[in-house]
């Protein structure tokens, strides 16, 4: 078996002494896509953030280890972390617009990220970005490149943030609801891009989403979280087809379906 | 009676270097009493801009917006506060819509406070509202940066409902919620709607969700309305090419 | 190395720091016809007056050889023969006449002092006719504005003039410095230095440090607190008592001050010696009357009340001022014995005097409320706003005693701030106006001083000591009681 | 933007009118005029006629409004009058001394920025660490020391004890600039660095900082390109404000270091009630303020793309 | 890691408590300092002038022979409270104007800001003199005079923050909740500017002490024999080399107050930020 890209080993996470994630254990091989579902506030974002040491002043991993390609992330120095972040693992935030600097254009932030990790000329970065923009359904990529985050719509910001990390071709992509603000067409394009990234570069992806459609379409494995506890974990097909837990069943049942017939 | 009417509303943003973005291009539609309207369209098509214009967060370049027959295109000050007694909005990005230095409870209770509701009663009502939106009552004491995206969104919905609006503008109000929460909120909205008090302008990407709570559907593309009609008509027999593509792309 | 070369190229140079040579002091340049700039002109050895003061403040000829009053309004002045301006023009009566004509045309104060009606020049003899009798004309002509300058050579736009002193100005930046070089043709001995720079140093502490670091050779205007740094073998301090006097005016419009006992008690309760020793660090002399001991008519010629707190208490007790309510302030007929003491901060010694007096007066049961404001002139005019006014004034700027009484104490005086009136004093003043003999004038002055002291109308606290501090090796720099003369042909540096 | 600048520059006119009138009026309220003040300082009494004659010469006997209007009329002809104290042309004198003050101000501002921005940032980044406490300690020191004290201590240490510099400046030369600049810059940095610290801290709490971290952008880059840029507005506003107090505060430093500039000129003029000179100073200060504030506003708008050129939205 | 997390969350509160205690102690000294004096702070003694610090006089004596320590204690009230009052006044007025101008930007804003320019550019010395002439001396009027020219700093600062804040979503939300502008300003914008204001105000205290001292030269400040720290420092300035304690003692007193009040301000700033404080 290949070495796991990321492995959570019995991880507990606290905010101010309140444990919000308990005994999380799972791992991900290169090229695998893990869908994480669960009710809001159950600790999904927290799980992702802990992998990048981004829990903020009040949060901390109080137990267990997180291994990234064999390194213990929690023991890494700041510089070590900084080298990993972006290049090796990258994250798209749930609130993508807020994760972009409000006083800089999208283009300059992309260039910055590229300069930090890639050995690529500015022109080349721009070319590749515009290409990616086009593939993600932007009609006018050049305008996006020159825009400030507040000048873009929610979905545009989300895709811009996605492009930002896809450009870096990380080994692990942590995507926190990357398609929640997108219309279905754009959503489809984004998912195609994610799959392309996985196929082309062997990127492993942790994908938090509420959209069961997305899970069934791209995920290899599914993780169901409830109140910080992993209650179900297995191959996507199995879990979706025959959920073991009542909660999962409820979750699946609650998914709204488009009625295409006329009443 | 018409609750909301947009007449030929156009919005042009002038960018920094003189570039102009026509975010809305002669958009006209109306929402009748007792009716809820869904608004879909690709991202960047101007949905949020419609919502912002209706709530007077931005000035439109031309056109008129009427609320119950009153022209609110240029409402300000007192008139605007009157408008907000009827219209409320749930923002697309919930976290930044809460004051970072105040608790969620303060945010939710603000309009009650302005309405002169006493402290104890306000507390009770805030808790009730939060619970109704699927949050624990304790959430009233949490700060925005301490809650998850979904929790924040629910608080935002609770805040909007606190004002007991006639028209609720939801800008992707449920897209950050898990499916069960989503259903819970939708049921709540449907309930309020059934009481006959609430009209919705529901912006979403999720056609299925829109189908559940809206009577009519408007499809937008590049700042224009490309299709408008009864929900089922549009879903089952899309007229425009764009709508057809949208419906086909639905995964589930 | 190079420094030495510089030195020999420039010859013997001397740098003096002075706090007063600046526009703020109305001494923007060295043109005697401009405001107070004459002080700079005369102090720095550029210009000279017709007469000068001796060390005992008596008039002696300088550029003039002799003078005599012809009648009440006519003066005959004979000029020295061998004197030339640095422009080369000989100093004759015509040149002096031109200079004085220009002076009275542009300098209002000079015009007001001199009352010149006409002048006649005849070779070296200048005859001046005045509109009214001016017994002190030679004194006024010794005022710095009386520096004789060559009006043909004119006044440069920088404010430099051509005169007769041991040094001549070569460059001047107002408020910054003036550069002087030796006048090779000086009539009264050979100047010993080749060049002199006068640096304006407005700040006393900077002056201190400049002297400490050796950047200046001598300093004028050193803060008192710095004296201990220079009271050693490395430096020499030369001082002289001047007629700049710190004194107190009683306000006779104030009901409180109309009471003799109160005035007397105040004059007995100011610790002059303590003020001079502790607060001025010895840079002054306790005063009795308006004039310092350097004047023939000054010093002990008048007797003031001694410092005597016990006596002062008795005076107040006798007058019925008692502290009845135990707040350690006396009262009488329901009025508290609280003085409003007006003074101003631009003379740094005045606030010290005020605080010192406040403390001693407190001991005899008199409260003092100090109003120390830059705006005292306006407050002063409102005679209901103050009881006591402390000021610093030059009591005999021209070396003549009449000035002080004329301006400060008589009914017609413009500056009789306290509205003091005394019939005896008026009488004496009339007598002095008609007296030309200096000795007689001095005797009259002593009487007048005694009169105002007996009336307790003024309390003279201290005369200021003017000092210059020089580095070891500087010779010929001596403080003069009239504060006009600093740099002379004798100045040298070894 | 051009419109904006033109509009703001036009606003200068009423400001100048207002401020010169105000200062004229205030000086009159404050009582005593140049003549009285002069004799007062000299400590000699003169005849009332002499005073009257001198006042007439300066035009001080005319009614206050007339004096102001005459002054204004002269100004329109490009004539700022002659100084009451020196009899020299005010404009020439002022322009003569201006470069010295400008040089001093500019060098102090530069040094202040060079010192306080890095230190302020360091204190913010390492907040509540020993580094932060040391930096803040010095800032408190600088803050509780009056200018004159600092100036004297510097002079004593570096000119008297260790003669690195000379006590008296003889005009140009960088070494003469060193101590006065240090005095002003230390005092200013002490305040400024704390404000930089606060502004940077404010920004560091924002979400996008986490975002940048997640992208593996070195913190120094985020700091430079994002945080500083975002807090630029506040930092700049503060700087602009302190330039004003700096210009006003040079007087004491100028007189201690014998720096022949307008600060001392102005204070002397105020003490001597030298109206024409005061007016020149007031005009200059107003001009500087308007220009500095205009520049800040422009830069502020450039730095923060969310604030447009229209004066903001009204509600 | 755990302990670190706990420390960083709890610390703001602890720091606030600590520095609040310090500040309270300072204010106590200010209020009751006059009763703690070992000597009569006003008793002049010419036989003991300018004595160096010793067991008898811990901080030496001044040129009138008064005990420095006693004077510093006695002067604390005047020095601290007048500076505090002044700073409170300008911070209050400036913040108010800044908030209004920033929020309502328009003609009135432009007018106010130009007025602020005038006040900033206006030589405060002239203003102080005029105040002295009209209202007469006294430290109250000095406070008024300084206040009248110092508010624009806060106004400008707060205005620029307000301009940025009012574009934020949560302000829009507050408007929707029907809050009146004044409520929005007080509930939302002000708390979000407070950090900057507190820091600036704490800083200004030292500055204002010195400014008040400078005005005493015009007869506007504290009246003798009151022991105001700033004036003590400036009147003693030329004794720096010869009798340093005369200058250094009030200097140290000012430093101490400035440091305490600043640390307190910082702690307060941290505490009012919920992101720092924790639940």
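Points to keep in mind about this one:
Should a chain be cited, it is by its letter among A, B, C, D and E, assigned in written order, with residues numbered from 1 in that chain.
FYI, a residue touches a chain if its C-beta (ideal position, glycine included) is under 8 Å from a C-beta of that chain, and two chains touch if they have at least 3 such contacts.
Since the structure is predicted, the reported quantities are computational estimates derived from the model, not experimental observations.
Within the contact network of the assembly, the step distance from chain A to chain C comes to 2.
Note on connectivity: the fewest chain-to-chain touch steps from chain A to chain B number 1. Mean C-alpha positions place chain A and chain E at a centre distance of 50 Å. Per-chain CA centroids place chain A at a distance of 52 Å from chain D.
Per-chain Cα centroids separate chain B from chain C by 86 Å. Averaged C-alpha coordinates give centres for chain C and chain D that are 38 Å from one another. Contact with two or more other chains is made by residues 129, 132-133, 175, 237, 240-241, 273, 275, 279 of chain E. Residue positions of chain A touching 2 or more other chains: 56, 58, 95, 98, 148, 151. Shared interface positions of chain C, defined as residues touching 2 or more other chains, are 205, 344, 374-375, 378. Within the complex, the chain D residues that touch chain E are 11, 14-15, 18-19, 22-23, 26-27, 29-31, 128, 136-137, 140-141, 143-146, 148-149, 152-153, 156, 191, 194-195, 198-199, 201-202, 205, 233-234, 237-238, 240-241, 244, 248, 266-267, 270, 278, 281-282, 285-286, 288-290, 293, 300, 304, 306-307, 311-312, 314-315. Within the complex formed with chain C, the chain D residues making contact are 30-32, 36-38, 40-51, 53-54, 57, 83, 85-88, 93, 148, 152, 155-156, 159-160, 163, 166-168, 255-258, 260, 264-265, 268, 271-272. Here chain B touches chain E in the complex through residues 55, 57, 80-81, 84-85, 87-89, 91, 93, 96-102, 107, 110-111, 114-115, 141-143, 145-146, 156, 159-160, 162-163, going by the rule given at the top. Residue ranges of chain C in contact with chain D, taken from their complex: 17, 22-26, 28-29, 34-36, 108-109, 111-112, 173-176, 199-203, 205-206, 209-210, 212-213, 215-216, 244, 344, 346-347, 374-375, 377-378, 391-394, 397, 403, 407-408, 413-415.
On the chain E side of its complex with chain C, the touching residues are 42-44, 46, 49, 63-65, 129, 132-133, 136-137, 217-220, 223-225, 235, 237-243.
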